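Below are two complexes that have chain A in common, paired first with chain B and then with chain C.
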Partner chain A sequence: MSKENFSIIGKPVALVDSAGKTTGQGKYADDLSIPGMLIGKILHSHLPHAKIKKIDFSRALELEGVVTVVIGKDAPNTYGILPVGHDETALAVEKVRYVGDNVACVVAETESIAEAALELIDVEYEPLPAWFDPEDSMKATANFIHEQRPSNLEKDYHHSFGDPDAGFAQADVVLENRYVANEVTHAAMEPHCTLASFEFDPQTGLEGRLTVQSSTQVPYYLQHKLSIVLDMPMSQIRVIKPLVGGGFGGKSEIIPLEIIAAVAARKAKAPVKITYTREEVFLAHRGRPRTIIDLKTGIKNDGSITAVAAKVIQDGGAYCSYGVVTILYSGALLGALYDIPNIKYDGYRVLTNKPACGAMRGHGTVNVRFAFESQLDELAAKIGMDPLAVRRKNLLKPPCITVNGLRVQSYGLPECIDVVARESKWSERGKNRKKSRGLGMACSHYVSGAASSIIRSDMPHSTVNIKIDRDGGVVVYTGASDIGQGSDTMVAQIAAEVLGCKLGRVKVVAADTDLTPVDIGSYSSRVTFMNGNATLRAAEEIKRKIVAAASRKMACSPEDVIMREDVVYKKGMSPQTSSLLEKVLGKKDDAPTVSGHVEGQILRGSVQQKRKEEGPKDKLSFEEAVTAAMDNTGALTGSGSYAPPLEAKGGKHKGGGVGPSPAYSYSAQVADVTVDEETGEVTVNKIWAAHDCGRALNPVSVEGQVIGSVWMGLGQALQEEFVWKDGLLMNAGMLEYKSPSATESPEIESFIVESIDPEGPFGAKEASEGSLAAAIPAIANAIYDAVGVRLRESPFTPERVLSAIRAKNNLKKIEMTNRVDPTAPHKLREHGGSLWFKGRGPKRHEDDPARRAEHAD
Partner chain B sequence: MKKELIELKVNGRRHEIAIEPNKLLLDTLREDLGLTGSKRGCDDSSCGACTIQVDGVPMLACTMVAASYQSDNGGNEITTVEGVAQHGALAAIQKAYGDWGGSQCGYCTPGFMMTVRALMDRNPEPTDEEIRHALSGNLCRCTGYTQMYQAIKAAITAEQKGMAAK
Partner chain C sequence: MSLPEFKLLRPRSVEEAVGMLHRHQGEIQICAGGTDLLPSMKQRLFAPKYLMDIRGIDGLERIRVTPGLGVELGALTTLSAVEDSGFISKNYPVLHEAVKTVASPILRNMGTMGGNISLDTRCLWYNQSLQWRKSCGFCIKKDGDLCHVAPGGKKCWAAFSADTPAALLCLSAEVNIASPQGYRRVPIAQLYNNDGVDRIKLAKTDMITSIYLPESSAGWSGAYKKLRMRGSIDYPLAGVAVAVKYRGKTVEDARVAITGVNPAPHLIPDAPHALVGRELNEHAAMVVGELAARVAKPLTTSLLTPEYRREMVRVYAKRAVMAAGAASSN
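Let's look at the complex of A and B:
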């Protein structure tokens, strides 16, 4: 099937919006402005947990240029991305819950006036004891972060599939270890930005519809939450997604400024734009939580896994966000990669007084995958088996349903493993071994969208409309949110392939709630699979109409009509024959994109065709066929939608809705690393990554997504991590956070494996997330191969690696930082206290506005 | 703060504008001249999204005061990403970034355009190491940089072919 002869699918094409990006013409949210637009700036809490006793902004209002100040009381309705987690308000109403929580918003004529006014707001707080470590937070008996969540436990799940006890009893070797993955964030290059404006209703003369242009991955959810907070019907709210400068999950839920801008625009009675500073982006966060994983795996001497038990604690931060889904993914995706007969899972999502964690690329699976793939290598060593062989031993046999209810159909993992083994010369790795250099391998997988949506509704997850009018232009109206992953291009490719037209003929109108049908957004890697399928169906519907008309024109049956590359012809005829091409296009060789007809002539042509019956034709131009189809109907429209099939929706157990997907992507990776045993520095020389994406609709995009995922995994593996000092984020900047630059980024070679999924559009599955998770354990395993130390806490910084090497050599521990001891990760952090409460929080610079607020009285 | 009249030469055109004397060049370009191609990705010259060229040298507009770069007898010629496409067509590097996946979300791309153009101008045949080094001041979170190297090499080849054809 992969040998199919497509005209556009499977060909590398430049993203349809790439010229706008390379010339600067493309508009992102912060590039937009509206006459009369005001600027909003948010006052953030400097305390991690405190009651708000009083907010006095009268001094701020006196400053010239300040229009209004918005506080929590202006919009007290609660919202949250999950129906079970409506625990946020636009601005803090009763208390603040992390350093950076939103307290007030100044709306002013300029950014500098708004900034100056922030310092004139006097807030009186009553500090409360704060919780910074999840294991301590769970022991809380009073001063809960949310009153409705006793013991600060957002949610816990306890699953058991098969018979885990019996499974462990059958095992020859059982290992139990604790793994810790520290907190990372998306740090998309574009800081969040929202521009909100109201228009007057001509009937009532009052404030009417709201338009919000925002950097979001989920325009429909934003429309929904705005409606809740503002008490407005959704029909009166229009959300438009301009170009979005990267998301990675950080824009996949409602970020406070999106709501605040709308509330501020309503109070200021003028358009308001809010753009986060980079520091505010770090505080808005919603990244991957620090995760503590107690993992136990049993294996037989022949390499077959008998059982897995995982206890996972996630440090979720101050709000629910996607937390309930994150903790479920951590358990559910223990399945569907290997054949594991018995699984026990205990997951705890815990609230702490830190910025909320949410969904980040590889949502919920990454940290547990790091633990699992690391432990699998340890087990392989114990039973004397090759790490690659042990993975091959435990492959699934699809089509199948895993013990925890996940349906697996296409499964390219075996081929992924073969490819990276071959390319990395895995079997020869023992020969000519260099000192301190090693190879490690790991696998991972991810969903192609969730089979059940988070909004608990039976509506299709995607709907797409296509319109073709007499100009011959194909306009696709899709709710898919392109955030740089290339979904607009994917939609254009599918429409063009089905309709047999050139890519340049397709125009994509995307992610505008007034124009495009509901699509639930760009997250959980659902867009190619779901919106792609909806596009395919819409295009097929419209194609049937064109084919019916063309078959009449060509006096043949509809089955014999072929549409390809702007030519409609009878089966058996070759559109490539130059004489026929001439007849159709009136031109030799160089086939023009709009096939010789210009607008106006199309209309005239169709009228003439009626007047003068030319008799049946062998071939029509795209315009002729389209015109024939719409002679009696007007513009052609087609609509298609996609809802995941019931069989893909998983088990009936509590929380069983998270994990099931219509299809899973697979990835295998080998990392080649060198470890400097003097400094502990790890250098990645190369990574080979093979990814099963079903079918690569646009290979250059798929490779870009795979490489980008692996690269982001490398960042988490080696250098990215949030550093906390009692609830204060110490590295809220791109350099301090250590986002890898070109000089720190190794060569990543990607290989596409095509398993052709039976339900994906043209067989396609997910490509943008599944490869991230394997990068971290592949490097951990390579470090072990190189120097014989096992790193169980990420990232593998020089301090942690050196400390592990010294521990292995029985050398004295170097206390470079107190928090680093990879040999005993459970003792690492001592945030447990309530230093803030005792008045011993970190010292701030005396010019720090937050400090001045502290001494305002 | 009281505004003052300054003159900037941007992409070959002169602009007389009244701005606050402490206004940053990036904000001036984006707000006063409507040249929103240059982006703000951080606030402390750590990401490179705001890279522009002054007399051919890549500089970070987010930490430059606009009034210090007034046009001056042929000096202080500012080029932004809007000035890269010439003769009604994409420059080779712009086309190549599209073709080879050098740009995904595109937010960092204008900065890379300015940095890479400067590299290609001063070093028509850079080695891999030189390319890597030249790009190290611009951050990208999407691509892992790999496809950018392919794009840059393709652009260099295209430019050389273009030159040979003349």
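Let's look at the complex of A and C:
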């Protein structure tokens, strides 16, 4: 059904910005430079929680080449990505809240001078007791991380849908387990970078308009928060997004350097660029929080799930960030994958003295999905049912609204399961079983954007303008932020398909708040669905104008006008004609071409020539039709916007705005793993991943996104985790934070399932996040299948796997996961001129699989 | 992060280089491939006044075979060159195996044999930026006086983290060292101190110029097994090298060495007794594993726990012995 007669949609298209990226011509933020530009370097706190008593930067100012030093009181207004979480300032005002918090920024002529000056800033701190473990932190009675958040509880939610108690009563088997997913981060290839510069008023000499070029997924939010912190009208701030080298959520909110660079540029009266070191990227973080999940699921002997109850505690770090949304997603997305009649959810987002966690690919759903899909396998084993059959038993029957208020329309999960079952030869897995090798499966899903935006506004979530002028070029002005995922290409494809022109004719101007209408940003997998729909509507508006003019020229009704591949013709006629663009680009260009050719100049002679009087025609070139539509007017313009329908906005309960989406993507995966029983090392041999993305607008992009999601899940499943020592991040770099390298990356075979969503542009929905979550439980389930051990703490490092295997085989216990070096410090102490935090080590839940030997004080 | 300021020196001969070392004693550091030193300088672990780039010295990047004596690897021979040498892989397979596990292909193109054997010891509390190290109050290896992994003592336990020295120990390699007093040859087994700070027995005016592999070690079958979290890039968290000389199916001589778990690489003293005069079998391999694990003293210098690393020394030693046996029967 997907192979409808499109000319561009559904075809594998090279990303329109790939040439610049591969030749080095493309400019990322750190490639930018403007005359007089200075470099900013940030001084970070070395204490996890402390009052700032005094900052003396006079010695730093004396260093030659230092222009100024910025501190908290230079811009004390609070901001935060969520309206309920305005708890950050550009630089610490009264106290620091984690090792790495921002204390001061030196602005100097060069990076090395700025770095040297950091050593000359004297900060006097008064250390405060700090909180590192969320379950401890929640018990706090004093020394709160934020005064307005007693007990260090950022937010808690308690939801009950259906009748969970009755549901559990109906169950034949009920399981309760604790799962822990450790903290991971995005590790995007490009470190954050911001270049801020003010124009100066020629009359007064005061600073005027501000231009910020930044590695961001959310230019509009950045413009908004800059206006709050700098006390400037939004209209005086221009945010431009250059090429971005990956975000994954790590650039989906305002990162401290973006605000600091602007404040510094104002104080220095010169452009300031700040580029994070990799260590600073890790400390800015905003990744996926360490999550403790106490999960209870009830199931009948026939495999139907009767109820789910989850208690989720997220270790959110020192600031709210997206935390309230994360904790809500964790509960809401228990629904909309399977048919679960009763859901109980208790979510706690807790503050601790560590870098703030935020949104990361698969925001909120990933860790809970790991727990749920793992437990579902255990339940299946208890009732003697195939893991795949259990999942098939609990499918939704769309269109429907789930018990927690999520509207599901298109639903490709059954087909996803069928595909991976077939391709992995699931039903034959019992035959020729190899020792220590196993298969595991899991499913996941994700939103195609949130139906209610985080800024609680009724404005459209996306607006797109299109302009066609006499040069015959189509320019799309979109706020969509291409961060490598290919939104520029998506927008160009949709515009070209609707307008019936070649892709090479479309130029995309994107993510520049002066030029492009508001789009709320590239996050929660909303761009294709929402910005795509807005583009579709803008293109349709402009198409109506062209069709009207063409129908007059061809003396037919507008319904009979077809626009396709640069030809405008009457229905029933052969479209064979050579367009002017074809003459320029050559006839053979079946392969869509990269935009940006200067066809306008070559076309000028013919498009602008005086129109000769002539009789009705059967077909027109694109240029002729466009010129006819302009007639005596100027450029053609069209505008379209998208706001999610009311029906998709979910229930009325508190926090009910998070989770509802116009459409959900679905994924099913099977992992094939081998476990080395002597070393605990897990090798993933292959993963089959099927993803329902509604319609694949650009199949090669979709496959890339699915493979990337699975691969990222693989990292979280096997080796990536933040390791803490009392608030100190021990692996803040790419050498010790173990993202998989090419050598241990398995073959990932992706399959596209097209459910054609009724509201998505050409039926498209989410493609870039939904496949992440299933990878982790699929691997956990495969490990169980291979060696019979159940891993309930991710990542499944060799130590954890080997410990579990030894426990299962009743071998002598080696405390491999407890970091119980007998000589390790029991108490942190004052030492070496700087202060160690004096406090107690973390206490953990007694069932916590990560429970470590308690630090005797 | 930027490099600290330094003056770059580029000697053209060993004599000139040694002269510079003598003149700027204590303020100068040797840079060959720079793959380990330059990141460490950015972290302010080193801020020498002079950096001496020795790559302009002619003749130090050769693999020179002298029949009857053995082979001499110039200190500047890149790890890639050793990896690509058919002579080395045929005659000294244990070295070939170890070399190809170092870092990643790109880093091996820059990294040198001399640099690898004189690699700095590594620890989670040490290989961090200046900003980070301030947060922990520094450590005994740099700027502080406490070892965070063993705070009771005054010793630094940073782990020796180069791969090739384990193989070189198995081959009874010798190191040629130039100094103002002339050249001297030191068995690699006597090169290291087992101290995280004072890791290597080189005077401030010494420079390694080459490594000798004796002909008596040629033709031994060998294997190297490396514990790391990723299949590429990572330093060893434990490494075991095994070299075995056969007469028929019987082991005539054998050496086993470990790296990555102590402040120095170590030969396993009793391993030859467990192997010599026997045919290689699983039992003998397990005995060697136990012996190796007894020598290993890993502490919390890495993200993997000491207990796990010690256990892996046992498993990897057993596997390396078996692999060396399998390699010989091919």
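Everything below uses one rule, namely that the second predicted complex is superposed on the first by the 776 of 857 C-alpha atoms of A that agree within 3 Å, B and C clash if a C-alpha of one lies under 4 Å from a C-alpha of the other, contacts with A are read in each partner's own complex, and residues count from 1 in each chain.
By definition in this document, a residue touches a chain if its C-beta (ideal position, glycine included) is under 8 Å from a C-beta of that chain, and two chains touch if they have at least 3 such contacts.
Predicted model only: the values in this text are computed from it and were never measured.
> After superposition on the shared chain, which partner residues are touched by A:Leu735: those of chain B (first), chain C (second), both, or neither?
both
> Looking at the overlay, what does A:Thr23 touch: chain B (first), chain C (second), both, or neither?
A:Thr23 sits against chain B, while chain C stays out of touch.
> Which partner chains sit in contact with A:His44 here, chain B, chain C, both or neither? Use first/second/both/neither.
second
> According to the stated criteria, A:Thr277 is in contact with first (chain B), second (chain C), both, or neither; which is it?
Both chain B and chain C are touched by A:Thr277.
> For A:Gly246, select first, second, both or neither according to whether it touches chain B, chain C, the two together, or no partner.
After superposition on chain A, A:Gly246 lies in contact with chain B alone.
> When the two structures are overlaid on chain A, which partner does A:Ile466 contact: first (chain B), second (chain C), both, or neither?
Neither: A:Ile466 stays clear of chain B and chain C.
> In the overlay, answer first, second, both or neither for which of chain B and chain C A:Ile748 touches.
After superposition on chain A, A:Ile748 lies in contact with chain B alone.
> Starting from the residues of chain A touching chain B, keep only those that also touch chain C in the other complex, and list them.
112, 277, 279, 735, 741-743
> Touching chain A in the complex: which residues of chain C?
The contact residues of chain C facing chain A are 1-5, 104, 124, 127-129, 131-132, 134-138, 143-146, 148-153, 229-234, 299-300, 303-308, 311-312, 315.
> Considering the complex alone, what residue numbers of chain A touch chain C?
On the chain A side, the touching residues are 44, 46-47, 99, 110-112, 115, 118, 277, 279, 678-679, 719, 723, 725, 728, 730-732, 735-736, 738, 740-744, 797-799, 802, 814-821, 823-825, 830-836.
> Touching residues of chain A toward chain B in the complex: what are they?
For this pair, the touching residues of chain A are 12, 14-15, 17-28, 30-31, 33, 112, 186-191, 243-248, 275, 277-279, 483-486, 700-701, 703-704, 707-708, 710-712, 714, 733-735, 739, 741-743, 745, 747-748.
> Can you tell me which positions in chain B touch chain A when the two form their complex?
20, 30-31, 35-44, 46-47, 49, 80-82, 84-85, 90, 93-95, 97-101, 103-110, 113, 131-133, 135-148
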